[in-house]
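Consider the two complexes below, in which subunit A is the common component and subunit B and subunit C are the respective partners.
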Partner chain A sequence: MKNRLSPYYPLLPVFVAYFALFLVGRNVEGTWQLVATLLFYCALGQAFNIFLGMTGYVDFGYVAFLGVGTYGMAIAITGLANFPQLGLGIVAIGFVLAIIMATLLSTAVGAVALRLRGAYFAIATIGVNEGFRFLIEGANLWNGSSGMIFTAQLNEILGRDLASRVMTLWADILVLFIGALAAVVTLLYMKSKIGYALTALREDEDAAKVMGINVTKYKITAFITSASFAGTVGAAAWALKTPYVFPPEVFEIHYTIEAIIIVMLGGAGTLLGPLVGALIYGVSKYYLSIFLPGVQLFIFALVIIFVIVTFPEGVVGVIKRKTRNTAIGQYII
Partner chain B sequence: MSLLRLENVTKRFGGLVAVDRVSLEIKKGEFLGIVGPNGSGKTTLFNVINGVFYPDEGRVFFEETDITRMPPYKRAPLGIARTFQIPRPFASATVRENVAVGAMFGFQAKTINVEQSLEIADKVIERIGLSSHGNKSAGVLTPVEKKLMEIARALAMKPKLLLMDEAMAGMHPGEIDNMVKFLREVAQEEEIAIVAMVEHIMRAVVNMAEKVIVLDYGEKIVDAPTREALSDPRVVDVYLGKGAKEENAEG
Partner chain C sequence: MKFFSLKIILPAVLISIIPFISTFSAFAAGHGKIVIGHSACLSGKYAKAGEQAVGGIEACVDWVNNEYGGITLGGKKVPLKYKKYDCESKKESVTSLIGRLITVDKVDVVFAPYSSGLTLRGAPIAESHQMLYMDHGGANNKIFEQGFRYAVQTIGPATSYHKGTLDMVKKIAPDAKKVALAYEDSEFATMVMEGAKNHAEKLGFEIVFERTYPKGTTDLTPLLSAMKAAKPDFVLGGGHFEDGQLFNRQMADLNINVDCLSLIAAATLPAFSDALGHMAEGVMGPSHWEYGVTYSKEAAKEKGKQWIGPSQDEFVSLFKKATGDQKMLPDYHAAEAGAQVLAYVLAVEKTGSTDSDKVRAALGDLEFMSFYGSWDIDDSGLQVGHSMVDVQWQDGKRVIVWPESAQTGKPCYPMPTFDEKKDGKKALP
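== the complex of A and B ==
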């Protein structure tokens, strides 16, 4: 008799890793900032993996979803600052707004760009984050290029103590939960028809169509899911942690590149991959910036070329293949 | 009632007429061979039947419903399955998962869940003789195993019509005979009509098909019971060039 919980075993290493990160950060003096950065990369990778990993489509404009998520939170906090009695409710509204904005943007981008295949999709999305940045700046939307600073409003809404704890601790813990939730959703997708459809279309879109899979529907589902998570990551890791938002910072393509590295390095389309990729990338970036400052991206360019040439399925992809049909294998997908 | 009916289907690519006013009809459980040399329009005809291309002229009916402009993913749940000339496995997925995808999005798509699809996959894999490969990545199979896997994947869709594109190319005669026997059994049990497209492997066609259609430059030149069709002088002309029969007789 098969254990009813066994399909969920692969979440165990994910949760253990998050818990270990949390413990290290809280108990080892001076590590919380590093842990916070790692949690951000984990959540970013986990969210991006739902699209990049599961569909095989590369979205170079991905950071735009974090950007609009950041704006969602910023708008909620500044717009509702006159109702401080709502307290944490405003933060909740901020998250809802972040999700709505990311969903709207991803639906718009997806409806146009997801009609294109492979490289054409990637090219079409390159402009999305820059385009959105210029739209905000040019149309003077949400304060345009002067951005929004809402530390004072956050203090007012939550009270000085809680606000500072949100900025230094709770924002990071929220990012942890977002990452974990993205992992849960990834697994649920993998175990459902959605996951099978995405695997099929990633491997061979034409064959998938002929086999009865409405590829556009599934691609858009993955895209919107991934984008909504990105929106919440932006809202927590950027808007709540540092209560200001400037267009050039939140629409910086750099973060998309980092997300791609994390997912590819760890193992695109695997559950544990983004986490492993985020830890490898985050820790090495941290030490490289100490010992070889300024060259981390160059080194990662070489690393990612090496990975794609020698083991394109990523670290976890390799482990998954090696441990298939073993006792450990049931924890690694 | 016909299962599949094509009425004067024409498909052009620019100035090239790949399929030229082809009409054909297949009944439930029937076995039809489509024969023709390279470039005669066989694959294009398949692509028109399962919706990869829409025809420029003419109409396609499945169970008397007009499906001429229905996208391919909507045709599969009606009961149309196909295999490809060069196998197209979902390489990173296991054989079992590949076959389960067939069950999941095929004829039973609306009612079936993931577990049931995997159960069907196991059954079909066992029947076709790939049990020992079930948990392997489909990408590592040998070419013949990939063909078998594709057939399993198509059968898991519980189709009413199975389109096989050079399904037996690359198999040796023994394997072909086994495959023919297998397909006959399954087709009979589940009332599947099969359209097999063949360039060279006449052995399969002769042993299976009740009826053969011969295409040449996109045109249907013969539509007749198998033995009759294959001894038709026009077929010999298509394959060996005009006058080959006479030369052969002299030589």
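== the complex of A and C ==
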């Protein structure tokens, strides 16, 4: 029994951390919105890690998948507002739409950009978010530059009280589930043929090819999986939590940068890394903005430099190395 | 276990004690005072507007505490306190900080951050805590169509930006009929022009040209050439500073002369005239407030409205004291944020309570005037009392030309042609 379950032990600290966050948020007064922000960063990092961590490729256009996911939910709510009898079903349709849209976009981007490597891939993806934003604005898609504000429709569909709970609580809990699910998928990939193939291509893509691994297939699998999770994060953390979408806000590149920082701080390619990175990133940012409003970004830069210099492989990367072959080691990968 | 070294333990200990320190400081903060909480944009893309807003709020809080003597509540004078955090102009920070202001700092009212997007981001949190949420920087009318019960606006809605300009043209040039709208394809400019279009049609103007251009454009000549062919009497356009400047410059290059040109978010800035020199002469722009407006106690009395707050010059001096920068002048971001403090003070005094429901109801009935102008909201919380002012560049100076109650000079209409301006003609009435 122990042996059958032991590959899944690394999920334990992840689930414990998410559960602890939930308990803190619900029981310590005034912390739920902070926890919600941390959960967003955790889910963002966990989703991004599936691609960046496992392949070593840096996708600078990653925020575009969150953006289209937000639009997926927005389109479902605004388009089906006349069918209030669907109730929460509209939210479920929104998630399906968010996943479909993120999958389609990632397939299109991946089919072209994943033929490139390293810096060339990064350059090819850097314009995806801006390109998609300009497409929406220029072609006047989904209300173009005016965006969509749909709090009133959500109130109409769910009723004011339920809508309010969705915006201030359930959207965040959904983000928690998305983050946890992304961790499960990461582990399943790590323990399967996909994970071995991705590790091989991350270490040496040419060698992996020579060994007969279809690198393009596995890269696209990781890319689409990661993008689909991003779509659901956008749908829950942006469209449901605050029912509005303005193109410049949902395609802003700084979310990609934040995702990169979170994954690198925690440890790229590790299971627990994005969660630890998100907590360091989110907690430092939050308390610095409280104690040092106005100058926190400068101090924050120093904190990031300190962590990166102290933990060059990311915090979990270093812990993983130091605990190898110990009892703790089986929980940290 | 060597790995549990000081470098691991020290940060862990520090992180774990931070919440306790912050909870204690929050407890110590608001005792015996009325506290305004603000998730301010002190850094990030809205830092300039945020700095102005904070300066305006601090100036008016200073006035309330030191000139007005505090807020009268239950027969006592209670001081006003201002608690702010920096949201970095980011939506994730807005929700967490507003959550903290309400639940940890226990503030009595929350001031929204700058911009429509960030205002919308914080609104559901304030609503769920039944907390009064005052908007000084979100102009999008749709915020107030969402059914928020605790949101109240001080900034004028985007659709009202060009009302004054159109009223002015209608009054001083009844023969002008043809108007062109050419503006940036952005949420803000689109809403402004939607309002302008509706008001123009209501006044009987004919929209002979309407087209948008993408954000960040570097060439407007095709659009301007098409606009020239429509032969408008006057043009309403713009979006931001860069494109507004380009708009004016390329109109000069193409020698497109109209009787009046009004550009949003660009023409009111001193940098506009610095960059364009003579080409800026006669160009107008709408603003929520400009230094020089003539709103006063006497003007309020004439209109039968209650007056509160510092005079314009007092406000400027308090603003400089608050920012610690003697060279910085307040702009409309500062004025509207400051006026919001005054609205809150009056509403609390009127209802004799800081309870959000009661203060919200009192704000609904409130009508007053301050250095910022008139203040009045409709049932949804949308600002309907405040009028924009129109500024025109005359002989290198910004002159408030509309409305008549706030003007510091008469409008120059029609403005000189670009050839005349090149020859040194000034836009004087």
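Note that in this section the second predicted complex is superposed on the first by the 309 of 333 C-alpha atoms of A that agree within 3 Å, B and C clash if a C-alpha of one lies under 4 Å from a C-alpha of the other, contacts with A are read in each partner's own complex, and residues count from 1 in each chain.
Just so it is clear, a residue touches a chain if its C-beta (ideal position, glycine included) is under 8 Å from a C-beta of that chain, and two chains touch if they have at least 3 such contacts.
Small disclaimer: the values here were computed from a predicted structure and weren't measured.
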For A:Ala36, decide between first (touching subunit B), second (touching subunit C), both and neither. second
Considering only touches as defined above, state whether A:Lys285 meets subunit B (first), subunit C (second), both or neither. second
Applying the document's definition of touch, where does A:Lys193 land relative to subunit B and subunit C: first, second, both, or neither? first
Is A:Glu203 touching the first partner subunit B, the second partner subunit C, both, or neither of them? first
Looking at subunit A, which partner touches more of its residues: subunit C or subunit B? C
Mind working out whether A:Met167 is in touch with subunit B, subunit C, both or neither, as first, second, both or neither? second
Listed in rising order, the residues of subunit A that touch subunit B in the complex are 191-193, 196-197, 199-200, 202-204, 206-215, 269, 313, 321, 324-325
Touching residues of subunit B toward subunit A in the complex: what are they? 50-52, 71-77, 81-82, 84, 88-93, 97, 100-102, 104-106, 109, 113-114, 117, 135, 137, 153, 157
Looking at the complex, which residues from subunit C come into contact with subunit A? 2-3, 7, 15, 18-19, 22-23, 26, 40, 42-43, 84-88, 90-93, 95-100, 102-104, 116-117, 120-121, 123-125, 127-128, 140, 142-143, 145-148, 185-187, 190-191, 212, 214-215
Along subunit A, where are the residues that touch subunit C in the complex? 28-34, 36-37, 40-41, 134, 137-138, 144-147, 149, 151-152, 155, 160, 164-165, 167-168, 238, 241-242, 244, 246, 248-249, 254, 283, 285-287, 289-291, 293-294, 296-297, 310, 319, 322-323
